[in-house]
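The structures come next, written out as structure tokens.
Look for chain A in each of the two complexes below; its partner is chain B in the first and chain C in the second.
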Partner chain A sequence: MSLATQDSAIRTGRVTRTLIYLVLLLFALFYMLPLYVMVVNSVKPLDEITGGGMMNLPQVFTLEPWAKAWSSAQIGVDPTGLKPYFWNSIKMVVPAVIVSTVLGALNGYVLTKWRFRGDTILFGLMLFACFIPFQIVLIPMARMLGLMGMAGTTWGLVLVHVVYGIGFTTLYFRNYYAVFPTELIRAAQIDGAGFFQIFWRILLPSSGPIAVVSIIWQFTNIWNDFLFGASFAGADSQPMTVALNNLVQSSTGVKEYNVHFAGAILAALPTLLVYIVAGRYFVRGLMAGSVKG
Partner chain B sequence: MAHSADVDFKTRLQSWLPKLVLSPSLAMVLVFVYGFIIFSVYLSFTDSRLLPSYGWVGWENYSKLWRLSHWKISLSNMGIFAALYISICTILGLGLAIFLDQKIRAEGVIRTVYLYPMALSFIVTGTAWKWFLDPGIGLENVLQTWGWESFEFDWIKNRDFAIYTVVLAAVWQTSGFVMAMFLAGLRGIDNEILKAAQMDGASNWNLYRRIIIPQLRPAFLSAFVILSHLAIKTFDLVIALTGGGPGRATELPATFMYSYTFSRNQMGIGAASATIMLMTVAAIMIPYLYAELREKK
Partner chain C sequence: MGFLDIDNTTKSYGAVEVLHQVHISIEEGEFLVLVGPSGCGKSTLLNMIAGLEEISSGEIRIKDQVMNGVHPSKRNIAMVFQSYALYPNMTVGQNITFGLEMHGIPKPEREKAMKEVAELLQIEQLLDRKPGALSGGQRQRVAMGRALVRDPDVFLFDEPLSNLDAKLRVDMRTEIKKLHQKLGTTIVYVTHDQIEAMTLSTRIAVMYGGYVQQLGTPQEIYDSPANIFVATFMGSPAMNVMPAKVALKDGRPFAVVELHDGTPAELPFSQDNLAAWDGRGIMLGIRPETITDEDAADRKSSNIAPMTNRITVTEPAGSDTFVTMTLGGKDVIARMRSDADVRPGADFKFSVNMEKAVAFDPETEMRIAP
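The block that comes next holds the complex of A and B.
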């Protein structure tokens, strides 16, 4: 599926076109609104917000809220800012994305090029796992992490994200490898190439685009996760989303909205950057999210 | 003799290798997904409270659950939320996709603007909307300062309307994604049929109504399946936006399950509610996945 513009048969008059542009612009404003609110209010003093100036540009420009959100805001019991939680998220996301993508690539390779009886059922079982409401696994997962000695650790969270992410990564690679010419594989086999040689020399070199999709998808999902972080993280492994929620919901003291907005942008920045830099792949990835691809 | 046994072992290893490579993932999924589902469903029939316990109580948790007003509120909120969320996202997504499909200048930029909320965490979305909708500092306060002193907009603090603010924020987050799905569908439609129909004098309205929209059936189906499973799983958005309040006005099954299991120490009831959530998702997903995977063969 591609989003490339094509010569459409539909013709529209001038008035209709103006109206269409107007509606499109209006919705663009609607989608930009929360981002605008977050950005302008993260760089103004608190009294400008509480004084009814939420929609105004800052009169006094200050980066104080950003500094505070990053390194000194009260999160839970300690005035640490979001910095340590940002690193917790990085330490969790990077290994989880790598492991789930590698497993997805291998699974996709086996499920398309080394097919066997019942492989579609196995794939269906893996795929359904992506869509379950995770509430159904919270209780046993908490116990399992405890039994494995991983309760409250970053590695525990990595395991959780790998387990519930491989369904999607397998889906992506399976759809991608499905259209890869099987004759090439057979020819290599006749020449005596083994299972891993074929994967390494033939499939992997052309897997760039789908690997990017899988990495972006996993990175976004894992970075943005809240449920698993809130359920399984310990004090020193809490991810960014959980810390941001603690910052915003804390009921003690003055509500520093400007710091909350700065914190929200900090939590959004990594995924937003990835989306802007690799947005085209992201869209394609979302499209591949429908099972047929 | 030894040599041929070695070759034999190697070929046998080669034939087992694919399954061997697949097995760690499969084992993880079988244990951590299906094993855990069985365990949770089992717990829903036990007297578990703070910790799992194995005293069999039959359907007691389920009958207790259905007597709880908290659960009934969560379900009716889910009904309102899912109906509005799915229908508004679909209509908005389709409408914007059709508009964007008219050879629009700067289409790429507009698409990026519509889609970026999808990259954000629900906690970020919830935080932004929470303060924007807050009557004390947000929209209400701003418009009053601008001179419209009688303006009132306190939905987020109002028991009767708070659920609609959850719909608003959720629609903001996902409607662009639905737009992209429909846009991909529109771009896949054969232009020749449209041109032929135009020759026969069909108006644009009729082209869309009779030919184009009916051809988007697969996109409608995918959008429905994805939106409905997202609706049932909605959790973090409510936590960040309203915390389930005011009162219980925005509690959903996912937040119900979380608070009964982890803060109220009613694990049996929590497991029962999770089981009902799973069954609902399964009723939608299994027929869909079955049809999709069968077709592909």
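The block that comes next holds the complex of A and C.
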């Protein structure tokens, strides 16, 4: 793929090239600016910020705001820091990502390799899930969670995110498996492998790229979700995003901007990390099947 | 009752019948080739034997056991696919033993069976590699190994050579033939290549439009084709088929065909019953290799007819020279020796081996049987 990109690059003169890089650099700087502001201000004492000069590098370097945001900042009524909420988020995100990805893979497998009457209609309906706005389902979902006795629990949130994510993960896996050779499935059938054996032994080991796409997509979406977290979480199951909001919005005392900046970075770090670790597979997986070879 | 019976089997998708009342029966150790152009239903029939497609009506029996509705893995068959269908995530060894593992055969036995097959196919040095690191011919061997290791009743091959380049294809063809002779297994083999069909098979089923046009030994198919389709599909170059008239001379039937300038040529038939067609039109079938120069005519034939006609094109192919002429208003090809003295535009005295000529009813396109 990289070879092809090189070959198809349009050859341009040196002046044009310099200009292109200059513009790109400018845009990059523009986009990096918020991150710069956040990082710089999160390692300053508060008086440096309130004294003006948001753009300046810190005169006194301190990690105090980070420590405070993590373990002792006032969130709601308790001075717990973001730490317990971070774990709430992890406890919600990890099972939700795993379950929705596995179910998406199973759906994709059935929709492409065990075709049945009306499967395309069913798939079309599942695609609707990708377009339903969050707000519409809030009240019915709250009622359902209440009926199931899962209101205000982490597992309730996991369920909500799994249900909401299945549309996307099914889409990814279905399109990926659509180009997976059916002869392999037939060969495995003749070899005596059953439905799940084919799934585990033949299909899943070849699903690396699309699994990465699904995991990154789901992880980012669920981690960053605020609305469901704010609506359905109980006091002891609130995710990081809700806690961050509570930290920043608290109306008592001095606004500790440096702590807020540190908290915001903390809340964004996991998704950043996931993307850096698996990002190159993301593009590769999204492109899979679209280009031959 | 044969070893494999396909008994009045049909296949329909909804209201559309794609395979019509197929009736084929073969004995143990036979090599059956299903041959025909694409879309003729040959792969569908193979998939029905494998159990990958349901049987709409009729029965398929292996060793007198009815296979309708039996799961593919319970039919004791093995299949080699066109794309080889090797599991990309497993090594060659794991690929070969996967079927045994799924059938719950203990590991030491699996290893032993794998070693035997690897030795037979000379792929011992490949056992730890992944399929992605193999060449086309090697993948082909592994695919056959995976089928062989199961020791099945029937082997099914679905166009296994069509992904190989020309030279390798000929080598693997010989290889498959050797294997069949050595192991004496029963094989059903699908191909669209009539040369593969002729060289490999002990029995050929020529298929077209969802019908089995003819079932017979390669010799029967080649020498006594049931109809014009079979006659022109089998053989390369194809059999020449041209309109002709039957005329009687001293009670003996002759075929009267128009030469390039419209003058009639009379070619005596060896087939006496054609006398009944006196004065009527037929389609005359002559294989290219039965039109030769005088010296190369088959000495064992009792019926060599001379015919002088103009050559339009010559195509030297090294071992043979293909000569095109106009006969009965059609382009007719003769397969001559490479050193035959032929020149385009010149008149040439051909010898036609009429013993091998066949006549077809122009209405039904069926051969007029002797």
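By definition in this document, the second predicted complex is superposed on the first by the 276 of 293 C-alpha atoms of A that agree within 3 Å, B and C clash if a C-alpha of one lies under 4 Å from a C-alpha of the other, contacts with A are read in each partner's own complex, and residues count from 1 in each chain.
As a working rule, a residue touches a chain if its C-beta (ideal position, glycine included) is under 8 Å from a C-beta of that chain, and two chains touch if they have at least 3 such contacts.
Source: prediction; values computed, not measured.
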item	value
Three-chain arrangement built on chain A, chain B and chain C clash or fit	fit
Touched partner set for A:Ile49, first chain B, second chain C, both or neither	first
More chain A residues in contact - chain B or chain C	B
Three-chain overlay, vertex chain A: chain B-chain C angle, C-alpha, nearest 10 degrees	90
Chain B versus chain C as contact partner of A:Gly253, first or second or both or neither	neither
Contacts of A:Ile202 with chain B and chain C, given as first, second, both or neither	second
Touching partner for A:Gly149 - first (chain B), second (chain C), both, neither	neither
Which superposed partner A:Gly118 touches (first chain B, second chain C, both, neither)	neither
Touching partner for A:Ala188 - first (chain B), second (chain C), both, neither	second
Which superposed partner A:Ala264 touches (first chain B, second chain C, both, neither)	first
Smallest separation of CA atoms, chain C relative to chain B, angstrom	7
Where chain A meets both chain C and chain B, residue numbers	none
Chain A-touching residues of chain B, taken from the complex the two chains share	14, 17-19, 21-22, 24-26, 28-30, 32-37, 39-40, 43, 52, 96, 99-104, 107, 110-125, 127-132, 136-139, 141-142, 144-146, 172, 176-177, 180-181, 183-184, 187-188, 191, 194-195, 198, 204, 207, 218, 222, 226, 229, 232-233, 235-236, 239-240, 243, 253-254, 257-258, 261-262, 267, 270-271, 273-275, 277-278, 281-282, 285-286, 288-290, 292-293, 295-297
Residue numbers on chain C that touch chain A, as the complex places them	50-52, 71-73, 77-79, 81-83, 85, 87-89, 98-99, 102-103, 146
Chain A - residues contacting chain B, complex	1-12, 17, 20-21, 23-24, 27-28, 30-35, 37-38, 41, 49-55, 103, 106-107, 109-111, 114, 116, 120, 122-129, 131-141, 143-144, 162-164, 166-167, 170, 194-196, 220, 223-227, 230-231, 241, 244-245, 248-249, 257, 260-261, 263-265, 267-268, 271-272, 274-276, 279, 282-283, 286-287, 289-292
Complex contact set, residues of chain A against chain C	181, 183-184, 186-193, 197, 201-202, 205-206
